[in-house]
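Per-chain numbering from 1; labels A, B, C, D and E assigned in written order.
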Amino acid sequence: MVMKRALAILTILLIGYWIALALSHVPFGADKMLVGQYYLNHVKAQTGAVNAVTAVVVNYRGFDTLGEVTVLFIASTGVAALLWRKKRKRTAKTEGSVVLTTGSRLLFPFIVLFGGYIFIHGHLTPGGGFPGGATIATAFLMLYLAFSVYEIPHKGFEITEGLAGMGYVTVGLIGLAIGSYFLFDWIWQSWGWGHSNIGRLFSAGFIPVIYTIIGIKVGTELSGIVDSMVKEGGE
Amino acid sequence: MSIGVYYFGAVSLILIGLYAVLVKKNLLKILVGLSIMETGVNLLLISIGYIAGRSAPILSEGVGPNNAVDPIPQALVLTAIVIGVATTALALTVAINLYETYKTLNIEELRRLRG
Amino acid sequence: MTSCVQCIEYLMVFIMIAAAVFAVEWRDLLAAVVGMAAVSLVASILFFFLQAPDVAMTEAAIGAAMSAAVFIFAIKRTQRYETEEEEKPGWWVRW
Amino acid sequence: MNLQFASLLIALPLISAFFVPVIKTISRKAVMPFLVIITAVQTGIAAWVFEEVYTGGKPIIIMAGGFKPPVGINLYIGHFAALFVLIIAVAGFFMAVFSMKSIGVEPKDKYAMLFLLLMLGATGMISTGDIFNLFVFMEITAISAYALTAYNKTGEASEGAMKYIVLGGIGSSFFLVGIALIYGSLGTLNMAQIAQLAGNINPTVAQAALALLVFGLAVEAELFPLNAWAPDAYQAAPHPVTAMFSAFVVKAGLYAMVRIIYLLRDTQAFTGILRLVLILGTITVVIGELSALRQTNVKRMFAYSSIAQVGFMAVGFSLGTQAGASAGVFHMVNHAIVKALMFLAVGYVALELGGTSIEDFKGLGKKMPLTAFAITVGAISIIGIPMFNVFWSKIQLILAALKVGKTGVIALILGASLVEAVYYIRLIHTMWFESANGEKVKENFTLGVIMLLLVALIIVIGVFPNAAWNIAQKAAADLYNVSQYIKNVPLLPGVSP
Amino acid sequence: MINELMIIIFAPLLAGVLAWIFDVKGIREGVAIIGAAVPLAYLIQAYQTLASQPSIQYSIVLSGFKFEFILYHLSWVFAMIAGVVGFAAVLGMVSTAKDSYEWLFALMSLTGVYGVFLADDLISFFIFWEIMTFASFMMVLKYNRKASLKYFLLSVLGAYAMLIAIGIIYAKVGAFDFTSVQRVFYQDAMRSVMGSDTLFSRNELLLIFGLFLTAFGVKAGTFPLHVWAPDAYSETNQSYTAMFSGVLSKAGVYGMLVIYILLGTRLMYEFGNIGAAPKFGYVIAFLGGITIIVGGLLAALQEDIRKLFAYSSISQIGYILVGIGVGTALSIEAAIYHAISHALFKGLFFLIVATIIHRTGKTQFKDMGGLAEKMPVTFAMAFVAILSLAGIPPLVGFASKWLIFEAVIHQNMPILGGMLFFGSAIGFVYLIRFTYAVWFGQRPTELDDTKDAPLPLAIAMGILALLNVVFGIAPGIVAGELNKIFGKEIIQGTIWELNLGFGRYNGLFITIWLVVGILIAAVIYFLGAKVRRVPVTDTYQAGNPVTMDYNLTIRRNFFLPLKETLAFWLRMSFDRLYQDIGSWVEDLAETLRHYIYNGNVQAYAWYLAAILIILALWGV
C-alpha cells in the first residue's frame, strides 16, 4: 500500500512537472487574445449584449451551448433511465425542522424568481441560463429536503424539458430559415430589434429568449436528477 | 521555471484528483477525485484567460474592449462545469446501481467482467 | 495593496489544496464531499479574483451546490464510510 | 438548395430527442417507430449531404450563427465527414430497427433519446471544425455511451459503464488541459487556424498539448492500454449499442485523434507522436488479437477483434503518408460494415438463444442458418480472404507500409490475420459442424434483410472495390491534406496575429 | 465477348454456384460435370490455337488492378492436369458427395487452380491462390476442425509469405505482371554480372526467394511444412482428395517453376552453380529429397488407408521437387513429367480409396481384406495405380521416375540419387501393405456383400487408369508437349521412345516384352501348376512368435519393428513442434489477457497514468 502510494505520488509529481513545464511557456496574466479581442471589439454591435461572456456563449459559440444543454439532458435522461424502477417513492421518514419547512415555503417563490431574474438578465449582468436554472433547481431541492412527501410533477417536468430543448433548436432553425444560418440571431440581425436599447433588458437579440429556455431547461433537468436520485425503488 | 499561484493551484487540483483515482479503493472516492480534477481544469482554463489588471468582460461603463479579460475561456468553463456535473450525476447513478447489485463500492470486488 | 491581494490569493489556493487533500483522504465520505464542495467554493472565489463572475456563479451554483447535493444523495443510498483497506502484500501481483 | 441546411444533421436528432417525452405522453408504443423514422430521415439527409459533397467536390462549411470562423464555430463537412455521417446514419437506422426487437428493458423512451444523442454526438465529433466543440461533442458521445452501456441495469452493465466513466473522465480532463495549452498559446480554437499557426507554438507547449490531446482521444479511440474499458463496455452494453460503438463511436474518436495530429504537423512533436501512435497501434493489434484467441464469450471475442482492427487503422494513419491514411479510412469503412453486421448477428443470436457464450453458437447453422451465414461472411471478410471487402483494405495497408519501408507492419498485419483465422475458424466450425439440440428458430424477416444487405455490401465491395476505394481515397485526402483544409475554411481575414 | 480463358477459369465456379443454388439431386451433379467438362473442352480446343501462336492472352482491369491471364505451353500442360484430374474427381464426387456445399467448394477450388495456372501477374496469381486455398479449406472444415485449422494456418502463412514477397517486388518494380518482373530481374542479373548496382540487393533477393519457397512449399507439402497435408488429405471427401492431392499440390510445384521463371537468372548469377545445377536449386532439391524419405517412411507406418496415401503423395511430390531443384532443362522437364504422372496415379489412388470407403465405410487396414474378389474393377484400377506408383514399366510412373533418375545421375549427384532410390524402395514397402491388406488375404465377414465401384467412379477411375497406361506406353506424347515448353528437343525420340542421348527408354518395346512374358506365365500357370484353391483365412507372421500384444499381421502394425527402429527419429515431429508452439502461444495469450484485462478499474487507471508518464518523460 505504501509502495502504491509512493508510486502514485511519484507519478503525479512527474506528470505535474511536465504540465508545469509546458505552462511556464504560457505566461500567467499576459494578453494572449486573438479571437477574444475580436469578440470584445464587436460584441455590442454584433449581438447587442453587454456581457461578452453571454454573447460568446449564446451567439458566437452557440453550438457549444447547444451541446452543453444536450449533455445535461443526457445526464437527466440517463439518470432517469438507470434509476428507473417499477414503483418508486420517497423513503424519507422525517420532515425537516419547522424552521426549514416554513423557511422553504416562504423562500421558494423568491428563489425561483431570483433564478428567473438571473437568466433573463444574462446579457447584462453575470449569470445566465445555467446558474439561473441551478438556482431554480436549488429551490426544488430545498422543498425535497424540507418535506418528506414532496415530489415534483416529473411528467410535466419531463415534457417541459423536452419542449424547452425543442424550443432552443426551433429558435436555431428559424435562424436557418430567416438568416440561412443555423442558430442565426434573427431577432437582432434580421429584424434589428432593440438596437437602441443596448445595456437594457430588451436588447441583445435572442439571447434573453435562449437564456430563458436554457434556464427553464436546466432548472427542470437538475430537479429531475434530484428527483430520480431521491426516490428509491419499491420492493 | 516559474508558474503563477493560480496555475500551481489548478495543476495541484488535477494531480490530487488523479492521485485519488490511482490510490483510493472506494468508488465514490474515485468519483470525488474525478470531480476535483475537473475543478482543477476549469481553474486552469480561467487562469489562462486572465489578463493582469483588466476587469470582467462586461462592457458597461468604464470597461472598454481593451480593458477586459478574455471572454472565451469563461464561456468554455461554463460549458465544462455543466458537463462535469452531468458526468458526475451519471457516474453516481451507476454507482448506486452497482451498490444495489453487489452491496459494495470497493473496486477490487467489482470485477465480474474481466479477461 | 497588491501584496495583500496576493496574500489572499496564496491563502485561498492553499485552503483549496488543503481541502482537496482532505476530500481525498477523509474516510467519511460525507466529509469528503463537503471537502469537495469546499474546493469548488474556494475555486469560485478564485474565479472572482480572475475576473470571471459568470463562471464563479455557475461554479458555486452547479459545481458546488448541485454536485454536492447529488453526491450526498448517492451516499445516502450507498454507504457512508470507506471500508478499511487491509494491507495486502504485492498489490500489483494481485491484479 | 442552401447548403447550410446540412446543419439539419445536427438539428434533427437533437430536436427529435427532445420531442420524445412529448411522444411518450401521447403513446408509449410510438417511441420506437419514431426512432426508426427519425433515423431514416437522418439517413436521407446524410445521403443528400454525401451526394452534394462528392459531386460538388467541395466541403460544406456550416457556420453557426452566421459568424465566419474563427469567430463562430463552424462545421466542416468535407469528404471524410460526409462519408462518415452517412455511415453513422445508416448504421443508426439499422440499429434502430434492431432495437425495436431487441430492447426489452424499460424505459424505452429514454433509450430512444440516448440512442439519438449518441448518433448526434458522433456526427458532431466527425464534422466539427472547432477543437472545443469537439470536446463538447465527445462528451455528448461519451456520456450517452455511458448511459447506454449501463442501460440494462444489470451488475455487469453498471460495472462496464463505471470503468468507461472513470477512464473517460480522466481522458477528457487531460484533453481539456491540452485545449487550454493550445488556446493559451494561440488564442484561437478553430482547427483551421490552429493548423495555420501551429508553427508558432513553443515546442515544449506543443509537445505537451499534442500529447495530452492525443491521450484524451486515445481513450475514446481504444488504443492500448487506454482501451481497457472497451471489452467490458462492449460486452455489457445492449446489442445494438455495441454495434454502434464498434461501427462509429470508436471511429469518431480515432478520426478526431488523427485529425488533430495531422493539424499540428507543423509542430516538432509531430513525428514523435506519430511514432507513438504507431507503437500503441501495434501493441493494440497484438494484445487485441491474442486476447480474442481463447475467448469463450463470442461478443467479447468480437470486441477484442474490433479493438485489434482499430489498431490497424491507427497503424495506417500513423504511417504519415496519404496512402497510409487512405488505407486507414478504407479499413474504417470496411470494418464499420463488417462489425455492424457481426454485432447485429451476435445480438440476434443472444436474443433468440439467450446468451453469447460459445455454447450458444453450437449448431447455429442448423438453428439460425441466415444469421450463421452472416457471421461467417463477416468472419471470413475480417480474416482477409480475397473477394471480401476487408481484404482490400488490408492489402492497401500493406502497400502503404511497403512504400515507407516499414516491413514490420506487414508482418504485424499478416500475423494478426493468422491469429484471426484461428479464432474465427473455430467459431465457424462450431456454428456449422457441431451439433446441438434445439429447435430451428424462425428468423425475423426485417433483420434478415438487413443482414443480407450488409453481406451483399461486403461482397460487392470485395468484388468491385474501385468505387469504395476512390471514396476512401478522397476522404483520406480531406483528412491528410491539411493545407487544403485550411484553404477550404473561409477564415475571417481580420482575425489573425 | 467473353474470353475463353475467362470461361476456363470461371466455368467451374459458376457451375458450383448453380449447383449450390439448385440443390436438387441429379441437377447439381449434371451442372457440376458440365462445369468441369467445359474448361477441359476449351483447353483441348486451345491446343489447336497454341500450335499456331505462342500464347493466348487476356487482361481485364478491375478495381484499379490489371489482371492478366496467359495460356502458353507450360500453363497449358498444368491446366490440362487440372482439367483431366479435376474432371475425374468431379465424376467421382457424383458418387461420394453428399450435399451441395461440397459441390460449391470443390468446383471453386478448381476455379482457383485454373486461375493460378493461367495467371500472368502476381496479383491474380495471389487472388486465385487464395481462392483455391479457401475453397479447399472449406472442404476440409466440413469434416474436421483440427485438420482444417492446421491446413488453414499453414496455408495462410504461405499466402502471407507470398504476399510479402509480392509486396517487396511491387515496391521496387512498380508492376505486378510477370513480364515486367521477369525483365527487371533479368536486367538485375546483367547488372550484377557487370558489377554495377542492382535494384534488389542480395539480401532482398534471398528474402524474396525464401518467402516464395515458404509459400509454395506449404502448398506442395514440402518438408518441414508438410504437416497439414496428411490430415487435410485424409479428412475430406476422398474423391475430392484426388483433386486436392493430384492438382492443388501442383499449384505449389507450378509456383516453384514461377520462381525459376521470375527470379531464375538473377538467382543463378548471384549464387552461382555447382556443375550445371544452380546452387539455389539445391535447397529445393534437398528439401525434396528429405520430403521423399520422410513421406515414404511415415506412409509405411500408417494404419489408415487415407493417411497412407496422403504421406505417399507427399513423398511423390518430393520427386518433383528434386527434379525442379536440379535445375537443368532435362530435370525440369522430368519434374513436369512426374507432375503429370503423379496427378494421374495419385488421382487414381484417391478415387480407389474413395470407392473403398464409399462401399465399405472402413478406413483402417485392420478392417479390410480380400476385396479383390468383391471389387474386381476397382482392383484392376488399383493394379494399374500400384504399378505406376511403384515405377514399373510400362506405366507412366516409370517413365517419369526414370527421367528424374537420369537427370539427377547425369548431374553427378549421388546423394540425391540415393534418396530417390530409397524413396522407390520405401514405395514398395507401403504398396505391399496396401496391395495385400486390402485386396487379398482374409476378408472380414461384414465385407462379404461389398459391391463394386459405382458407375461414375468407375468411369473416373477408368479415365485416369487409361491415361496411366497410354502415357506409359507412349511416353513420347508427353515428352513432345514438354519439349514445346522449352522450344527445343530436350528429350528426343519417337512417340514410343525417350532418348536422352545417354540413355533411352522404349515404352512399346517393354510393353511387348511384358505382354509376351505374361502370356508365357499364363501358359505355364494354366498348363503346368496344380492350382489348389485355399480359403483365405491363414495368417502370415513372418516368422515371429504370435502373442496377443505383439500380433503383427499385414493388416495390423505390420511395420511395427520398423517403427521401433525409427522411434528416436519419429519423436522429432514437426507436427508436434508446431502444435507445441501453438498451444504455448495460446497459453501465453490467456495469461496475458487475464493479467492485463484484470477487471480492476484502478489497474486500468494506472495504465492511463503509465501512458501519461511516458508522454511526460518524452516531453521533459
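As a convention for this text, a residue touches a chain if its C-beta (ideal position, glycine included) is under 8 Å from a C-beta of that chain, and two chains touch if they have at least 3 such contacts.
Note that the coordinates shown come from a computational prediction; the quantities given were computed from them, not determined experimentally.
K.L.:
Specify the chain with the shortest distance from its C-alpha centroid to the centroid of every protein C-alpha atom present.
P.N.:
D
K.L.:
Going by the touch criterion at the top, tell me which pair is linked by more C-beta contacts: A-B or A-E.
P.N.:
Pair with more contacting C-beta pairs, A-B versus A-E: A-B.
K.L.:
Counting in whole Å, what is the centre-to-centre distance of chain B and chain E, each centre being its mean C-alpha position?
P.N.:
Between these chains, centre-to-centre, one finds 68 Å.
K.L.:
Can you compute the centre-to-centre distance for chain A and chain C, using the mean CA position of each chain? Integer Å is fine.
P.N.:
21
K.L.:
If you average the Cα atoms of chain B and of chain D to get two centres, how far apart are those centres in Å?
P.N.:
Roughly 27 Å, centre to centre.
K.L.:
Using the average of all C-alpha atoms in each chain as its centre, how far is it in Å between chain B and chain C?
P.N.:
Comparing mean C-alpha positions, chain C is 10 Å from chain B.
K.L.:
Could you list the positions in chain A whose residues touch two or more of the other chains?
P.N.:
4, 8, 11, 15, 18-19, 21-23, 26, 32-33, 35-36, 39, 51, 53, 61, 64, 67-68, 71, 74-75, 78, 82, 126, 128, 130, 225, 229
K.L.:
By the touch rule stated above, which residues of chain E touch at least two different other chains?
P.N.:
In chain E, 593, 597-601, 603, 605, 609, 612, 615, 619 touch at least two other chains.
K.L.:
Hunt down the residues of chain C that sit against at least two other chains at once, touch-wise.
P.N.:
52-55, 58, 62, 66, 70, 73-74, 77, 85 - these are the residues of chain C that touch more than one other chain.
K.L.:
Show me the residue ranges of chain E that touch chain D in the complex, using the header's touch definition.
P.N.:
62-64, 126-127, 130-131, 134, 141-142, 145, 148-149, 152-153, 156-157, 160, 163-164, 167-168, 170-171, 585-586, 588-590, 592-593, 596-597, 599, 601, 603-605, 607-608, 610-612, 614-615, 618-619
K.L.:
Provide the residue numbers of chain D that touch chain A in the complex, in ascending order.
P.N.:
Where chain D meets chain A, its residues are 2, 4-5, 7, 10-11, 14-15, 17-22, 24-25, 62-67, 70-73, 75, 106-107, 110-111, 113-114, 117, 120, 124, 128, 130, 132-133, 136-137, 139-140, 143-144, 146-147, 150-151, 153, 158, 177, 181, 183-190, 202, 204-205, 207-209, 492, 494-497.
K.L.:
Which stretch or stretches of chain B touch chain D in the complex?
P.N.:
Listed in rising order, the residues are 14, 17-18, 21, 27, 30-31, 34, 37-38, 40-41, 44-45, 48, 70, 72-73, 76, 79-80, 83, 86-87, 90-91, 93-95, 97-98, 101-102, 110-114.
K.L.:
Can you list the chain B residues touching chain E in their complex?
P.N.:
Interface residues on the chain B side: 18, 21-23, 25, 30, 107-108, 110-115.
K.L.:
Going by the contact rule set out above, which residues of chain A touch chain D in the complex?
P.N.:
Contacts found on chain A: 18-19, 21-23, 25-26, 32-36, 38-39, 46, 59-64, 66-68, 70-71, 73-75, 77-78, 80-82, 84, 155, 158-159, 161-166, 169-170, 172-173, 175-176, 179-185, 189.
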